[in-house]
Structure formats: C-alpha cells, structure tokens
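This report refers to the structure that appears directly beneath it.
First chain written, first letter: the chains are A, B, C and D, and each begins at residue 1.
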Amino acid sequence: MEVLEEGRGELIQPPDVEGFRRWLRENKSMALKDKLMSEHEAVERFVHDGDYIGFELYGTVRCPMSISREIVRQGKKRLRLAGQGLNELDLLIAAGLVEKLDLTYIGYEVYGLSDILRRAAEGGKVKIVEWSNAAMAWRFKAAALGVPFIPVRSMLGTDTFRYSAAKAARCPFTGLKLTLLPALILDVGIIHVHRADRYGNCQIDGISGFAIEMARASKRLIISAEEIIPTEEIRRYPERTVIPYFLVDAVVHAPFGSHPGDMAYMYDRDAEHLKEFLEAAKTEEGTRAYLKKYVYDIKDHQEYLQLIGEERLAELGRKVKGR
Amino acid sequence: MAERAYSSTELMICVAARLMEDGTGAFIGTGIPMLAAALAKRLYAPNLVPIFEFGGIGASLEDLPLGVGDIRTFHKALMAAGICDVMETATRGLIEYGFLGGAQIDPYGNLNSTVIGDHDRPKVRLPGSGGANDVGSLCWRTIAIMKHDKRRFVEKVDFLTTPGYLDGPGARERAGLPAGTGPYRVVSDLALLGYDDKTKRMKLLAVNPGVTVEQVVENTGFELIIPKKVGQNEPPTREELAALREEIDPHRLYI
Amino acid sequence: MEVLEEGRGELIQPPDVEGFRRWLRENKSMALKDKLMSEHEAVERFVHDGDYIGFELYGTVRCPMSISREIVRQGKKRLRLAGQGLNELDLLIAAGLVEKLDLTYIGYEVYGLSDILRRAAEGGKVKIVEWSNAAMAWRFKAAALGVPFIPVRSMLGTDTFRYSAAKAARCPFTGLKLTLLPALILDVGIIHVHRADRYGNCQIDGISGFAIEMARASKRLIISAEEIIPTEEIRRYPERTVIPYFLVDAVVHAPFGSHPGDMAYMYDRDAEHLKEFLEAAKTEEGTRAYLKKYVYDIKDHQEYLQLIGEERLAELGRKVKGR
Amino acid sequence: MAERAYSSTELMICVAARLMEDGTGAFIGTGIPMLAAALAKRLYAPNLVPIFEFGGIGASLEDLPLGVGDIRTFHKALMAAGICDVMETATRGLIEYGFLGGAQIDPYGNLNSTVIGDHDRPKVRLPGSGGANDVGSLCWRTIAIMKHDKRRFVEKVDFLTTPGYLDGPGARERAGLPAGTGPYRVVSDLALLGYDDKTKRMKLLAVNPGVTVEQVVENTGFELIIPKKVGQNEPPTREELAALREEIDPHRLYI
C-alpha cells in the first residue's frame, strides 16, 4: 500500500490487532461472572502504571469521574491517554500522572480553556499528538472492527494531520486520496453508564458518544454505573445492551458517578463545582488544594458524595428534565 | 432607540441566523452557533436541524445546551446517536452547514485552534481541533465566527487545525477533501465576509452598523478583497432581540 | 495503494462516494415532511428499472415482503440485487426481473435449498458475484462511513474472494494482508421495521441485522412499518431511533409486512405458507401459479392479508413469545 | 437397549456437544449446531454462549430457532445486536468456536457450499457462503458437521467457499487470515476427525459405534491420516438422549 504522506506524530499505541486477538482470547471469558466490585478494587486490579487509558464520554457528560478520581488517588504513573476529555484528563495531568496524550480537545466549552493542560503543554511536561474528534472515535472503531486501520476523509491537508500519526494513501477502487487512521487499542477503557447488571451488560440513555466503539477497543474495561439492575431486565430488552458483559472486567456501582458532570434524564451538571474547579485550576497551588480536598483526603466515592452534600445532589437531580 | 441597544454578540447571532437555509442540517458548536440556530429556527428556517457532534440530532433546543454533549443537545431529539454516526452522516454529505471558531483565521479561511507558537513547545496551548477539523473537512459550507482583529485575522495561521481553502483554488480536492466543500462565510464583530469564487481568498461582503470599510481593513492582518459594492448588515430587529432575550436565552447564559 | 490480489468478479455497483455525496445533497432534505404513502406509490416513485436494490433483513426475518411483492407486481426490470436474502429475492428472480446478484446466500436454512435460484444460476440467467455475509454488511458499512472501501479479515485465500470484486493489500501500519471491500451504495434500500413516524424515524425491536448500515448506504430508502407512531414517541426515546427520518423517502404502513416471515415479539413465521411456496418453487409452473395467486392477482398488501386470512394471522401472533 | 435406539443425527449432536469448552462463545448455524450447543449448555458447558450471526448473543434457547436470524436466536438474549457487531467480535478473536457445513470438504478442511462444477455455469448451484466464510476465517476453532461419503470428502473442492488450512501449514497466515485459527474437528456420521499438527491434513480420531476404520477410509475420497490409536465415540447416553428428546427438541424439528 503506497503511502502518499504521513504525520510526524508518534504512534503512541501501535495497532497490533493480532496481539489484541491473542490477549482477548487469553483474558476474556464468555462465562457470566459476578464482576461487581469497589472502585478501589477495580482500579487496583485493572489499571497499571504505564497503561494507555481512554475515558468516555467527556468530563462534564456521562464521564466516569469517580473512577478517574480513584486513579489519581492510587497514583497510577506514566499514563498515556486518549485525550477526548475535560475534567477527568485535567485531574490526571494536574496530579502529574500523564506522560503522553493523543489529543483532540481539552477545554471547557462555555467556560473557556483548560489552564492545567495549558501549563503542562507550554512547560513541555506532556507529549501531545494531534487528532480530530471524529478521528479518535474512528480509531476506536477500527480497533472494534479488529483491523489495523480505517480510511476516512477528515484531517487531510492540515497540520492536524501533519502532527498526527495518520497516513494518507490512494483508494485502489476510486483513486481518491484518503486518510488512513491507525486503530487505537486501549490497555484500559473506562465508561460510565446508566445501568448495568453484575456481569457487565450495559444500557445507556440518550447519546452513546463513543461508548460502543471504545468498549470494543479495550483490552481491559471498567464500567461504572448509576444503577445495578437484574439480568432479567437486560434479557427483556436485549436491543438496549450497548456493551455486552464479555467485554467487561469490573462493574462499579457509582451513583452520581459523573459528578460534577451530568447524566441524561438523571441529574444536571454542577456548574458551581465546575467554576470552583476552574478557579482553582488557575494556579498550581489552587489545583493542589482542589486535589487534596476532593481526591486525596477522600477515601472513596461514597465519601466524595457526602462532601458534596445530599442537598446539592438532590438539587442537581431536580434540575434535569425527564423524557 | 431600542434597536440600537444591542451587544456585538447579539448582532453576530442575528447575522449568522439570517444565513441559514431552511430544510438543512447544521453542526452546532457551543456558544453563538447554538443561539444562531435557535434564532434561525424561530424566524427564518423552521426546518433547520441542529446536529451536535456527540450524537444529538433534531433536539427541541427548549433549553440552551452548555456543551456539545450536554443533555440539552438531545432532549426531545429525533435521534440520540453517537459521534461516529454523526460524523459519517457528514462524510456522506448530509450536513450542509458547520459553525467554526478559532484563535486565528487566514485569507483562505484556514483556522487555528491548536497552538500559538511552536507545536512541541507552544507559547499558548489552545484546546485542539475537537470536532472542528471534521466539520471543516466534511460539511458543504462552513461559517466561522470570530472576533475581528489583526491578531486573529492573520496572513498565515501558526497551526492549520481546520481546513479552509488551504493554499487556494483546487487545493482541498488535491488534498483529498470532498469536492465542492469549503468555507462560506465569516461572521465577525465588524463585518460579514465571504470568499472570492476564483481566488478563494476572503472578501468583504457587508459591514456591521456603524463600522467603516477602513476599520475592517485596519483590523485585518492580510489583504482583504474589497468589492465595489459593500453591503450593510441590518441591526438586530425588535423581533430578533425579543426572541433572543425572552425565549432563547432568558437566563443570559451567552448574551 | 499496491494491490496484491483482486477478485475477478464484476464490480456491479462502483463505490462512487463523491457521486453519493452530491446525490444526497440534491435529493434529501432535513425538513420534516410527511412521507406516509401506499406501497404502490412508494415503489412507483422510488424504484426504477435497472436499479440496484437491497432488502433487509432476509426473507423469513423482518423482511419487507409486502414491498417486494409490489415490486414484482409492478414488474420493475433489469434489477441488480444485494443478495443476502431468501424469499424476497426468489420472488424477484422467479418473476424474471433480476439481471445480476452480489450474492452471499440464498437458501431456506432448515427447509433446504432455493430451487428458484438454482434454476436461474444453472441456466445462466443471472450473473452472480460471490461475497460472504459479513462482507456484504461491511460493504454497506463502508458506504455508511462515506468512504470507498473498508479493510476486513474475511474472504482471504478463498474462491469466495477470487469470484468477488474485492482486493487485497498490505496494511501500511502493520504489514498485515487485508481484504479491501468496495463500498456498496444502493440505488434503493428497503427495510421493514416495527415502528416509524410519518417522517421516517424508525425503531426496531430485537436484532438490527444490517438495517443501520444499509439505511445509510441507500440513495433512496423505502421503509415499511408494522405500526405508525406519533413523533412525540420518537422524541421521548431518541436512543431508540436507528434510522433517522432524513434518510427516508417513503413510509408505508404494513402490518404483517414480513409475512410469511416473522417479526420479533409480534408474530411468528408462517411455516405452512413457506412450505407451500417451497413446494411450488420446485417447478416453473408451480412458481408461476404461486406468483399469480399471491402477487399478480392481488391488488395490494391489504388484499394479500385477506387472502392469508385473519384467523391464520391471529394464530401467528399468538405463536410468538413476548419479552 | 434404549441406548442403541438412536439416530445418526442424535449421535452427531452428542459428539459435537462433547467438544465444547465451558465459558466460550460459539457461532451457531441452523440445525445440528443449535442442538449441540443446547445439549452442551445443559450437560457439559453451562457457560457456553450461543452467538448467531445476525445479532443474537446469549439467547435462552428455550425454543429451538429455525434460522440464524429467527426470533428465538435473541429471545431473552443478553444482547440483540447486528451482523457487523457480531462479525467484528469474531474478528477481534472473542468467538472460540464456529460450526460449519457444506457440500464438500477436502483434506485441509476447506469447504464448498457455493457450486458443483464451473462457477459461471454450474452443475449444481448451492446457497453460497452465507456467514460460513467469515466463521471459517475469524473463529479460533471451527467444527465441520458432514455426512461422510466420497462425494463429500474430496481431494479438491470444486469451489473453495470457506477457508480450512488452504494448501497446508502456514497457508492461512500467508493469506492474511488471523494467526492460530483454523479447522479443529469434523463430526461425521461415521467418525470424529481432527487435523495433523504438522501437515494440517485431516486425521481420524475416533470411529462411531459399529463403524470400522476401513469403512471410514472407504468413504473418504482422499488419503486420511490413520493414527496407530483410533478412539471409539461413546454412543449417546441416556441423559443426553433424554435432554435432546424431552427438553431440547420435544417437537422433533430436527431429530
């Protein structure tokens, strides 16, 4: 396959689909095993120093924040991340745990830029390879397809391409020039869902973001769920299962697990808390104090929720519209 | 006198809203595009369909979203899909408009939202492409919304995050981007701009109320095509302002 | 892109993704237009002689049989078909309307082979290009992605590859040899669903087969639905929309539209009718008589259902298990 | 005496069922594989998961399906997906077993279910690959179920629909098929067969009750590897027959 162009960015995680096949065969089982465990156990067992990790969706929308905080608490080091995120990536970067990023976006939309990423990037503390949003999702899709690359029509002609690890080639059927995106196989994928059973069968309400693709692109997969439901409910609506149990290694019960982000039809984002975080993030001291208060001095998600306060959480629940 | 009392943000929203064609789909980013789409739907293009990159299609927009994955991007929507489905819909040519922003824009409508300075040791690190590169690659027509000054309207962007016409006519097609796509308009706080058909360079179309052509030129860091006839953007109408302030953003999240 | 091998089969429908883009821009609208119409109008307006057509799922499972019969009735000619099917393809072949087939399978599973296809193929009356099941679905997926090909790991090393129009090339990231499948863009896609609104937003219960991919691979798309529901219901469960309205050209209300096939949670297949058909299919005369009785002498789907009989239909409804 | 009164179909189902490993997933085709999987789940591999190519995963199999897209393939299932998801799951190596059938099989386990004779003007047109090529390409281990005679066990298949070991050791990998995959067993009405590790040619493992090695050889159209020690398949047990006849297929759809 003749390559016309290639990005100069590092291919942080090479698309070894044959290794992925072998790994899955050796480590996954189709047996229905109870995988319900604490966030502590899930992170201790399935996240390792040096891992390449992905989070879905992103740090104010259906994001596994409780698991993200636990990773910071356990101080997993030299991490490489799929950077389609906000708050969850910022916490890990702020804690000095991140070495490399395949980055598409880190910013707070209506609230502006991310000072934590900005400081780290400007100080040369994290190595960054550029991609577009869709490119990252399609890289997961290629991994889900079990093939080493996927052709797409984004990124061509730009520095986003030149600073990525994509290649460009000509289509042998049409002569069109296409971007070839390398599959992105995660060491660990972490996804927060509305409902899961103890085995890991998952349902999501509203947009699915890139959960479907990322779940299938992960060697190990940690699910946190607002609600643990009986398997009979899963069997009753099998078309609602977006992630099947055999992809999942750990199921963590995490009500308000996306806080300070939102969860469709359940609770709204905590704008006050986000503003508090962004204010703190302006300085290194502020960031350290935020991490101490909301991550290090807290034992687990349960304690975190107590700190936020029942009244506040109930209010977030009232603020969201139902179906 | 009520007509004069409007902000430059409100004016940009109105100018953008008036550009929308009915019965089309538009990629909506956070901020002004959300308001412009909501306004267009109310007044000019009732069948305009807001599309959010993480999966929301045809939301009611009763409440303004705060981000592109926000609950409100798919509340009472016609479909809540995922990012791949939405971006593939754009690849197939089904999404007409895309709104874009950035820290820098050049004469060909190329945008930078990645870094100021060198990539590996930047002076300023910006958020990155996000969906901008995809929107700029795949939509038929993109509309950039920018504050107008020489630091932003530059001869050459520090980093070409999102493709405009690249380095001129035919460049998009040579690069492999879908044929017939590209930048359509720039809505700034000073003017409405378009692109010259032949050269694909930015061209002044209309100035905002109270703004002179000279002011636009002065605030642009590259040579702008100034046609013989430059239009005048209408200020926001009473109807537009009422819709914006009372219905679309009553809590003044953005305006 | 260096091609290592290529199938000798004809590329019946070339993957012109640029033409597809232009076509969709000119012919589709995001406006909510009422598309409810009779099967007669839908077929008359959206199916033309010479078209390349795809049906989903397959002729005993959630298959648009009422639309298939209408195509036979209107005698649309020189058709080219995506052949993942059974009964619907057989009717069209038997009626002499089919010129070429991208074929993966045509047979009746538990009931054995298809005599109609067999006669046509052995008599050289239809031209057949070979593919695997997944390959056909992936070809739709490539079209849905808007790209001219998709790399996969099926078909390598076989005559299925050699008699297809696929190519093989080496992955520029890993050196793996891969099959490149050309995107399959349909002139017309026809899909039967459980529920749709008047605009064409569709819900499917149970397996989705290849509906999601095929809907997105179609220039024109005819939906038949067991039930027409209000758009408020669609908006209430937006994650249940698997085909959005703007892909759809016609919505046809067709209760028991999959008969003699089944519809999950609604009615079971009509085994007696299928046996009657297969018995008839053994000879050309039998086939002609079957077509006369169940297609040509019938005005529309309503009349077809009357011929099958209310009692029989109700019985099929009783035979199926609920959730 | 009840133990002797069984059909060759019942015996094949039992032999196939005994091969299944617990905690794995198996692609199930119409017919014997459905019964073998149901039997294995009941007696030998309670955590065996039936996977149907059009999307059903982990169905209860309370009622026997009549086809691979049938309602019963996803009734009370853990997931009702689509064909792409299932086949991609196989591409990623998550599906251990696949059952296959065909009109012809060769010494390397290559299968033909497309045509007898010339492709473009065949003597007999067969149904085509269906999912067989994908199952044979992507699963770790495939099990073919065949009637045993010289017309079916042939030196060279007329059309190579589904890959076995192609033309010998290393051929699958050279062709680009996933490493370490390939034919595992053949369950016929005369015997259970496997493949020689070195040559990848078919090898007799065990004969069915009442069948001699000579009979197997006579009914095979190519040279079969006959090891020194050939096993003996146990007839269906009372327990197996009871499960099959009373629980799995009480209406005798298949047996």
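Of note:
Note that in this section contacts are C-beta pairs under 8 Å (C-beta built on N, C-alpha and C of every residue); 3 or more make two chains touch, one makes a residue touch a chain.
A quick note: this is a predicted structure, and the numbers were derived from the prediction, not measured.
Among the remaining chains, those touching chain A and also chain D are C. The chains touching chain C as well as chain D are A. A count of contacting C-beta pairs for B-C and for A-B identifies A-B as the more extensively joined pair.
Chain centres here are Cα means. That of chain B falls 58 Å from that of chain D.
Centroids built from CA atoms put chain C at 40 Å from chain B.
Look at where the CA atoms of chain A average out and do the same for chain B: the two points lie 28 Å apart.
If you average the CA atoms of chain A and of chain C, the two centres end up 37 Å from each other.
In chain D, the residues that touch at least two other chains are 56, 74, 80-81, 91, 138, 178. Across the assembly, chain C contributes 17-18, 145-147, 152-153, 176, 178, 206-208, 236, 238-239 as residues in contact with two or more other chains.
Viewed as a network of touching protein chains, the structure does not reduce to a path, ring, star or complete graph. Interface note: chains touch in the pairs A-B, A-C, A-D, B-C, C-D. Only residues 30-31, 52-56, 63, 66-71, 73-75, 80-84, 87, 91, 110, 114-115, 119-134, 137-138, 159-163, 166, 171-172, 174-178, 253-254 of chain D touch chain C when the two sit together in their complex. Touching chain A in their complex are the following residues of chain C: 1-3, 11, 14-18, 145-153, 167, 169-174, 176, 178, 180, 182, 204-208, 236-239, 323. Contact residues of chain D toward chain A in the complex are 22-25, 47-49, 56-58, 60, 74, 76-81, 88-94, 96, 138, 140, 178-180. Partner chain D is touched in their complex by these residues of chain C: 57-58, 60-62, 83, 103-107, 109-110, 113-114, 117-118, 121-122, 124, 128, 130-135, 137-138, 141, 152-160, 163, 168, 176-179, 206-213, 262, 264-265, 268-269, 271, 320-321. Of all residues in chain C, those touching chain B in their complex are 17-18, 20-22, 24-25, 28-32, 144-147, 199, 201, 216, 231, 234-236, 238-239, 241, 244-246.
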